[in-house]
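Below is one structure, written out as structure tokens; the observations come after it.
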Amino acid sequence: MIATHYTYWIIFALMMIGLYAVMSHGNLVKKLIGLNIFQVAVFMFFISLGRVDGGSPPIITEGIEVYSHPLPHVLILTAIVVGVATTSVGVAIAIRIYEAYGTVEEDNALARDAAEEGTQ
Amino acid sequence: MSTFDLAEAVLLGILIVTAVAITRARSLFVAAMLGGLFSLVTASLFVLLDAVDVALTEAAVGAGISTVLFITALALTNSREATTPRRRVIPAGLVAVLATAGLVYASFDLPGVGDPDSPVQTHPITDTYLRESQEDLHVPNTVTGVLASYRGYDTLGEVVVIFTAGIGVLLLMLGPRRPADEVKDRAYLQTEYRVLRVVSKTLMPFILLFALYVLLHGEYSPGGGFQAGVIFGAGFILYTLMFGLAAVQRVLPMRTLVVLVAVGVLIYAGVGVATMALGGGFLDYNEFNPGNPSGGQVAGILLIEVGVGVTVAAVMVAMFYSLVRRGVRR
Amino acid sequence: MTSQLPALQVVVPLVCAAGCVLLRSAFGAWLLFSVAATASLLTAVALTVQVWDGDVIRYEMGGWPAPAGIELVIDQANVVVLLLLGVIAVIAAAYGRRSIELEVPLRRIRMFYAAMCLLLTGLFGITVTGDAFNLFVFLEISSLSSYALIALGRRRRALLAAFQYLVIGTVGGTFLLIGVGLAFAVTGTLNMADLADRLPAVAGNRAVTGAVVFIFVGLAIKMAVFPLHAWLPGAYSEAPSVVSIVLAAVGTKVAIYAFARFAFTVFGIDVVFTDLPIGEAILVVGSLAMLAGAGVACFQQDFKRLLAWSSIGQVGMIVTGIGLATASGVSAAYLHIINHAVIKGALFAAAGILLIRLGSTSLESMAGLGRRMPLTFGAVVIAGLGLIGVPPTAGFASKWALASALVEDDRWLILIVMLASSLLAMVYVGRIVEVGWFRAPADLDERTAENVDQATAAANPGVVRVREQTSVLMAGPVALLAVASVYFGIDASLPSSLADGAARILTGGGAP
Amino acid sequence: MLAVPLAVVLPLVGVAGVLLCRRRPNPRDAISVAAGVALAAVLVSLWPAVADGARIELWTWLPNITLTLELEPLGLLFATVAGVLWPVTTVYSIGYMRANKERNQTRFYAFFALAIAAAQLIAMSGDLVTMFIGYEMLTLATWPLVAHQGTAEARQGARTYLIILLTTSIGLLLPAIVWTALLAGTTQFATGGVLVGQAGPAVLTLLYAMYLFGIGKVALMPFHRWLPAAMVAPTPVSALLHAVAVVKAGAFAVVKVTIYVFGLDTLAESGGADPMVWVAAFTLLVAGAIAVTRDDLKARLAYSTVSQLAYIALGAALVDPNAVLEGALHIATHAAGKITLFFCAGAIYTAAGLTRVSQLDGLGARMPFTFGAFTIASLSIIGLPPLAGTWDKILLMEGAVNGEWTVMAGVILVGSLLSIAYLLPVSIRAFFLPERAVVGAATDDPSGVPLPRVPIQEAPASCVVPLCLTALACVAMFFFEYELIEPLARVLEGR
């Protein structure tokens, strides 16, 4: 069990760290970094699904019989792109927030809006 | 314990440590750089897991693009993180632990890693992708085959995602800029690092050449449109870092980039529309050469890979431009 | 040609998006968006006609048969959503012509319409696909574009709302991805039909349970089901009017459709509702959502924010119907998906007009509206009655359907909850009507009016003050939707037959 | 048979007309009156045809739910009461609204006509859903009328009005209807009821309670608060809506449901209505008692209405043909009497600015017509011959005795005594007490309404004429009552 599954569990641990970082940190940039960790961990999970013992990269070559499954690789190529796309939009918004609020700390920004409400 | 397991264990160990370090780091520059390292290690893990294409991409994107994005963001905002308020910790931890618990619970019924009899390996499509594809496509790199043909529609979606991100960033960054007095010094953009400059200048052509190779050779070896696009973009980004925005924009003005972004998507979608026009389904490359389907497939794959490359490269550079512009003193 | 329709449903808006970027004029971009909207509406209508008798269209992308390739599936369960998307898109196009000019800086308009096209592409893609992973890809397309669009709201808190949505939404998307991965691990396939075939073999497998949970939680975030609704109020209330209309009318609905698709045709009633207590869970959160959403709405001071919270309650009503997992329940859910789209569309469209005419959407600014803008306000009242569910409005039709579904299932407690929530709706709608009719207008004489306007304009930069009458292109959609919300209440035959068809396919175990 | 939908359409036409002429008061008000007269004519013309009845299926609303209109004695009775009193009230309101310089008169007349349309829809409804639609339309259409003044007090009253009526209708009536639909498989009304053999006694009892409480417009305690609250409305509104359209819509719905959904026999056998008999009796007495204690004239009339409505509910709940006939009849007779009383209250307010019973001493001489009419109407409601109220009291007694509810006979008597106690003092004060000195009055008048300096005289003719007409109606009905309920009686025979 452990021999065959420990990979999953370490990967899940990475997911946990990422997810925790996303939610526990108030800093927007840090949230995005955490999001990356979370997603990359999920990518690992997919890739590990495609692996075959004694297999080799799914590039057909003479004399090799066992190949890892290409489908997870394909999916993750797409997923990586989705990830970086999200990061870039997030970064752009974060920058705008900094310009509008003078901070990238979620709590401070919220506080400033609340203060604004108060003055109105 | 085989060398594979050993190597894997070591890499995973490093990853855990890095991840923890990232969350602990108060300096966001450190966090960003560690993030780069994290991706790099992940890439090597992917190689270990036979996912060479993914490794290539993860290295280019995770260690390259993302890191650059974060660094730029930090340059435009501030680079230290306030301490996390206590009240956030408990719920966050709770959710994270719950989710992980659920996953671990589920994992007990998962087939072991590398199990050749797992449903994934025994499902008929595995054979389709690994064996039949050789008759249908003649594309040794099955990843490219699946990506560009069997699941070409997914890849179209992937391009659209990047396109969307590009649009989004441009929309957000086009707007009125901050008042000049707030602008920090952007010295790092134009500092005189002679050695670096010379090196990067000499590297530039090779980078672009390599990108081209990755693009065209994607059917036989790791790589393809996306990786090529990223490398291509990375080249220009490196150049910008060394010589400043103005220099690069003389070569590749923003407007051109924006056009290229759309053109790439149109190439890809155009291929699909063309196959429709030829009477086949959307993205059914066989239509290009009914006599010799696999020939049509190769042609189609090459075309869409070009489309992907163009859009990805253009978006990467355009994003970087608009981010950097945001800061440049005017 | 007709055989290509499923693909065109997605491709046309996509190509138009690229076109918007290439064009140089804002008007051209608008024109292209309108073309995309109209084309997709026509496509949706054509597809509806094709599957009206209950047959299923399968379209093989790239000519590769599923499961090796990706297939698009069109049946009665998703043409309803396609139609809604099409209609709302056309309305957004008409409405946007003027409101975008007034709310979005000129230099951004081309890109704005490109993003709108991409939003449509994503939503259509989610709806037509028959492949679990492909659904994730298009979900991300729609999400990314909506993040950017929301961030364009006129107030700075729009940025914050967009970012929060981005983080929560991405976590949701990733949860979906994990779920798909688990399902893939134990079946080796991503195609929904194939999954449906192979899952029974591994029924009771803990990985399947995990897949169900992660996929549903992921989608629930996108649906803004009660405890996972945090992103919605900000996103809906801060986004530019057109974006609010589209998101509020169809944004969450598409996720709800995906939810139903996974629940009924991928995993199947046995796994989700019999083996696992998912159904009960849905009913609980649905009931909570109905109460919490309507309850919080009663205390809002901003019209759009109030509407957003009411949406949370209404989504609760819809998922309750799905949670019953009976034909009548699902049919009721679909009926309310349609009716709520019409009603909320009208209300958010009206809110857009108020924003432009009054410079704000706060309730105070609506004082005396009944005299100053009787038509717009009349539309608000009619649609509001729909939210309460008083006859003869569309809201009553869906309320009736859900009520009978609940009684049929002996769910008296939930019935009480639902009725209580509509009474809460009466309270928040009542507040609006009272302000509009029985409070003296803030500006009885023009002089003070001018001052008020300067004040509001100063308070909300980016909103151009316009003194002239509301443009027909903006008033038209409001009127149209308001009338529809009454018509569908008086003669519910069209929506109810659509809903029944969908329910038949889903609960009848039709192929995905 | 086009006349049936026409009854609903005519008032809507009125709405349109009123809105079109919002700039010019005279044509606007003329249109209201014209629409009213036309409606009355249509309804009267329907009477000959009522015996053979008619059903008009409008359209299928949801699968197996069809909206229908039907011509049926009970409905026509209610429709006629509302329809005939509408033009009369309009004439009255023209005088009242103008004399008191009310604002937003267009909105007033528009919603007034809309309310009548809703009432007609209820009266002509051939199935529960149609009735429910009309019922809710009526609530919403009358809400702006109640809140008409727009003052904080008016808004508060309107809020109570809306919340109680919608809470009961959405919370109890709607589920009751849905449940009925699922039990009986239909929502159509049918002679002899649709629930025959569809449900056990327990279910019937619960369902009947849900209906009677759910129909909040019949103001059974504890859901009666809305009626006094609604008295903040201008008097014409109170007159038509809270003596005729709204409350009688409730009473009508109760009787209709009793006859055509449950069926008298089904109820009688299962005893499903018995609990409601007690509720009705309780309301009848308590409301009467409260009325006695009220000094504000309109409030007193409001509680008297609550008490009188309980007579109808009681009649229905006794499920004895005679008692039910009483219910039907009381819809008409009480309407005529109560509207007269409200008219008088409004006339007094218009002429003298007085709102309290204690202020009316000796006014009889100054406003003879008004107080004359008031006295006639009072006697009619108390139930003394030769006035309209007489017969229904007798019928109700019979019903109570036949149905072994002798106790109720006593309750009815006490109720009448109470009505004497809260109505007659007004006339007595007006006619037999000396008029107050103008000076003294202003000081000892708690409501702070200063008595006018000019000597009080009758309100404008457009106020006085209508109230005399309705008072005459009270007398006339005493002689023609049988004609009113004879068709319904036949239906009940043939059940």
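Every chain is named by a letter (A, B, C and D) in the order it is written, and numbering of its residues begins at 1.
We adopt the following convention: a contact is a pair of C-beta atoms (placed from the backbone, for glycine too) under 8 Å apart; a residue touches a chain by one contact, two chains touch by 3 or more.
This is a predicted model, so every value here is computed, not measured.
Taking the mean of C-alpha positions as each chain's centre, the chain lying farthest from the centre of subunit D is B.
Inter-chain spacing, taken between the CA centroids of subunit A and subunit C, is 27 Å. Separating the CA-averaged centres of subunit C and subunit D is a span of 44 Å. Centre-to-centre separation of subunit B and subunit C, using mean CA positions: 31 Å.
Rounded to whole angstrom, the centroid-to-centroid distance between subunit A and subunit B, based on C-alpha atoms, equals 13 Å. For subunit B, residues that reach two or more other chains under the stated contact definition are 99, 103, 107-108, 110, 118, 120-121, 125-126, 129, 151, 154, 157-158, 161, 164-165, 168-169, 172, 175.
For subunit D, no residue reaches two or more other chains under the stated contact definition.
Residue positions of subunit C touching 2 or more other chains, listed in rising order: 133, 137, 140, 144, 147-148, 151, 178, 184-185. Every pair of chains in contact is given here: A-B, A-C, B-C, C-D.
Note for the complex: subunit C touches subunit A at residues 133, 136-137, 140, 144, 147-148, 151, 156-157, 159-160, 162-164, 166-167, 170-171, 173-174, 177-178, 181, 184-185, 190, 459.
Taken together, the subunit C residues at the contact with subunit B in this complex read 4, 7, 11, 14-15, 17-19, 21-22, 59-64, 67-70, 105, 107-108, 111-112, 114-115, 118, 121-122, 125, 131, 133-134, 137-138, 140-141, 144-145, 147-148, 151-152, 175, 178, 182, 184-189, 198, 202, 205-211, 213-214.
Touching subunit D in their complex are the following residues of subunit C: 385, 388-392, 396-397, 399-401, 403-404, 407-408, 415-416, 419-420, 422-423, 426-427, 430, 434, 437-438, 490-493, 496, 500. For subunit B in complex with subunit A, the touching residues are 5, 8-9, 12, 15-16, 19-20, 22-23, 28, 31-32, 35, 38-39, 42, 45-46, 49-54, 57-58, 61-62, 65-66, 69-70, 72-74, 76-78, 81-82, 84-85, 88-89, 91-93, 95-97, 99-100, 103-104, 107-108, 110, 112-116, 118, 120-121, 125-126, 129-130, 134, 140-143, 145-147, 151, 154-155, 157-158, 161-162, 164-165, 168-169, 172-173, 175, 178, 182, 220-222, 226, 312, 319, 322-323, 326.
Subunit B makes touch with subunit C in their complex at residues 99, 102-103, 105-111, 118-126, 128-129, 149-154, 156-158, 160-161, 163-165, 167-172, 174-176, 258-259, 261-263, 265-266, 269, 272-273, 276, 280-286.
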